[in-house]
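Following are the structures in question.
Common to both upcoming complexes is chain A, partnered first by chain B, then by chain C.
Right after this comes the complex of A and B.
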């Protein structure tokens, strides 16, 4: 059996796969944050809670209504996105004219309410979600659980589809134009407030979709998104929120960096992303893909 | 002005007799949080910098205090000093990095650094991990002159520390330094064009705020005799924002009022567990949607409009 730098290949590739999976979640979540921030000027602190809601909705659908994973993969993000749209209509809409700070605080408060209520109803210990594609494949150098391979591919497809939708379609063109100059786009007869609402729904739906994908890998629990959203903030600072592709690349890249750190220096694996953030702030304060203004 | 002076005299008199009517440990805890909230408000209310990671200064100072007093067996004065110096040093490093970005990014960066400090504290041997540092003895102050084992004696020490911090903040805000800070908050480009080096002012404000948050954290460790992960957690960073927000950002007494309200609320709701979080969330939402000036800000406005009407 060969070894790389004294690390058995199983451990190395296993951690790399884990890093890639974490990276997939970072990418999907930071993508949603970037899309929402671009349009609403709000940093959506509720993102982690909405990710958790996606996982919970799928779990409830399975255990209460016998709805299988594949249907939940579509239904759960829709339900959570509708909930997001409701939040936007009732609350967020009223604070766009204020400083960014208030959007941050409002969504932070909402996250506390959502996570607190879920914790109150279902406790904080997790519930397992059975893997929809059990088993694995022996690749020769490592054992690859089928579902995990699916998650990485699915996340890539979702990210690229979002990129395509925003950068290459007519709807995306409206969206980008409305981000640049909402007043002018309105003058062309496009319903910008509805566009904003839909954008928030889209971002929230992405978070929920990530949550459904995460359910069979992690335990479904009320606090599964609490720490994740903080890491995703660091990812967003590192990548800069200006570019969609930038968010995707940064997300996957940082997942891999984290995976490698777990192999070579485990104690730092929790903090490595924050260290990267500090370095990026020193070298390129606007973020890797951000434009300084 | 006389009415303000009357209120101040009344509040100080109230603070002096308070430990005979209320549980001193509760009062001391509330005073520590009040100082913490004032330190936070110095940054947000007067420099326009929203730090969402202030728990790192508060919590780390508690650990520094505990380590100096318990592991090194030194007197509490040195523990407090270590807490303040440690928090200021941490503030210098994180602040220098965070002020490279503005607005909401600043909040996210401070939050991320605080999370990094949290993970560090979970693993580092000197913090005691999940158990924290417990049983930090209350050794007498000033070489045996002030026996702080007695809660009421300690209360007056804590009150003095609080007043020191509060007056210091008052002096900062009303000094030329404070005026420049407000100018930068209101229009950074203009302040820069007038020749002020905005970044240096912001960094100094950040370090001062961190140091005072550290003073509050170290004092809390002295009172409660423990330092735990709760005080460095993101939830604590959120809590101090809530305190300042409830009382009123940019008002000097607001954070004190906010801290007393939130600590009292937690005291009564402690048994309900997760519900404290939900209620805190509801308060955040209600304040942002309807009472952005906070209690003191809204009351002042009401008072002013009543006087101008009458």
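Right after this comes the complex of A and C.
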């Protein structure tokens, strides 16, 4: 078969698929972060822990309660979103009027506590989650595991549905307006504190949903979100805080960039996203899709 | 005077440590159009914001339809039937014109329909898909007023709707405000532009240093013109 710059196509497409899958998770997670930041003014460092909780909840449902993957795909995000709502009502809502730094410290501390607790209870070695769609398809130029194809499609659907919900619905109009001017939206008779709580629940639910989708691909472990969340923050910075479409495009795009780097210059694959971040910050500090204020 | 709709007594308000209102008192009858006049910094905008519940720290009494609302949150006050059009207009840039118009929820029956609002402001219908802040200043003002007519609120608080607009637009806004009064809306209007206010209002309250210091009915404006000019420094 043909070769591209000395790279066999199997390796190229394999890495591109891997990049696309990573990108799918970057997109889903950065979307939740962007929505939360826009509305709450809080940089949610608990996002990685909530992603992990989503995966764990699905794993516990399967192993303890015999709840299958497809049911967990709905139930687990709901449970974790409720936990998020509790967190918002008890703690986060007390710090909105303070500097970003307080939100960062609080959510970072919470992430450490949550991940520490899971590690203490279930260890850090990780547990496997059986693939709900085993097998794969030979596409001729590469072998495509069925579940991975499903994840890419599901992530796209989730991202576009979230975009639609925010940009094209009444609830989304409330959300966009309250992001701009919460005081005025409240003076129109909308219960903005409740809207904020729901938004946080939505963002956390998205993280948990990503976690459930990740469970059959990765090991379910207490620290599975720790490294991921760092990359996702870089994605958010590159895309521009608060831009929905920006988060989606940047998430998938950077996944692919990372995959390509693994093919052409593997040593840089772990740092390439941060290099891109540094360049974007120099050239366009508000991010690729962000509007400078 | 008709039945009292809004009665404000000894209203005090603070922004942080600064004490802005020092005991404001006035009342508005149902269907009346009343202005708050006064120089910059007299406390007119703060009075509107305090009635609306936007100023956090406030004391005294604000009674609307015979119910005390001083301690209520602004969303609750809005749902009781008071609508607010801020001085800076507050048109949302991430919403298009129609989304802006449809944003405030209907709180009571009897509000105007979208078609009626477009009838009042034809420009808005032409530009309904445009981003809210892409409109001209006059169109944005009309959007800010049009937006609160759907909700069924009977009392409109309008903060300087003519500010920074060309005379022909000011005239148009004057006509619209008169039409709204004709439809039965009760209106509390904050104005710097006394000549504009005199043409539309039933009565005028004059504010100075966070207090209401005088009240003049429109019928008596001519006799009191000297006194009013002294108050307003025009």
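In this section, the second predicted complex is superposed on the first by the 293 of 293 C-alpha atoms of A that agree within 3 Å, B and C clash if a C-alpha of one lies under 4 Å from a C-alpha of the other, contacts with A are read in each partner's own complex, and residues count from 1 in each chain.
The working rule: contacts are C-beta pairs under 8 Å (C-beta built on N, C-alpha and C of every residue); 3 or more make two chains touch, one makes a residue touch a chain.
Since the model is a prediction, treat every value here as computed from it, not as a measurement.
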item: Which of chain B and chain C A:150 touches, first, second, both or neither; value: neither
item: Partner chain(s) touched by A:122 [first = chain B, second = chain C, both, neither]; value: neither
item: Chain B versus chain C as contact partner of A:191, first or second or both or neither; value: second
item: Partner with the higher number of touched chain A residues, chain C or chain B; value: B
item: First, second, both or neither for A:113, with chain B first and chain C second; value: first
item: Touching partner for A:96 - first (chain B), second (chain C), both, neither; value: neither
item: Chain B versus chain C as contact partner of A:163, first or second or both or neither; value: neither
item: Complex contacts: residues of chain A adjacent to chain B; value: 43, 91, 94-95, 98, 100-102, 104-106, 108-117, 119-120, 226-227, 230-231, 233-234, 236-237, 267, 270-271, 274-275, 277-278, 281-282, 285-286
item: Chain A-touching residues of chain C, taken from the complex the two chains share; value: 52-54, 73-75, 77-79, 83-84, 86, 90, 92-95, 99, 102-105, 107, 148, 151
item: Contacting residues of chain A [partner chain C, same complex]; value: 170, 173-174, 176-177, 179-181, 183-192
item: Residue numbers on chain B that touch chain A, as the complex places them; value: 50, 52, 97-98, 100-101, 103-105, 107-109, 111-113, 115-116, 119-120, 122-123, 234, 238, 241, 245, 273-278, 280-285, 287-289, 292
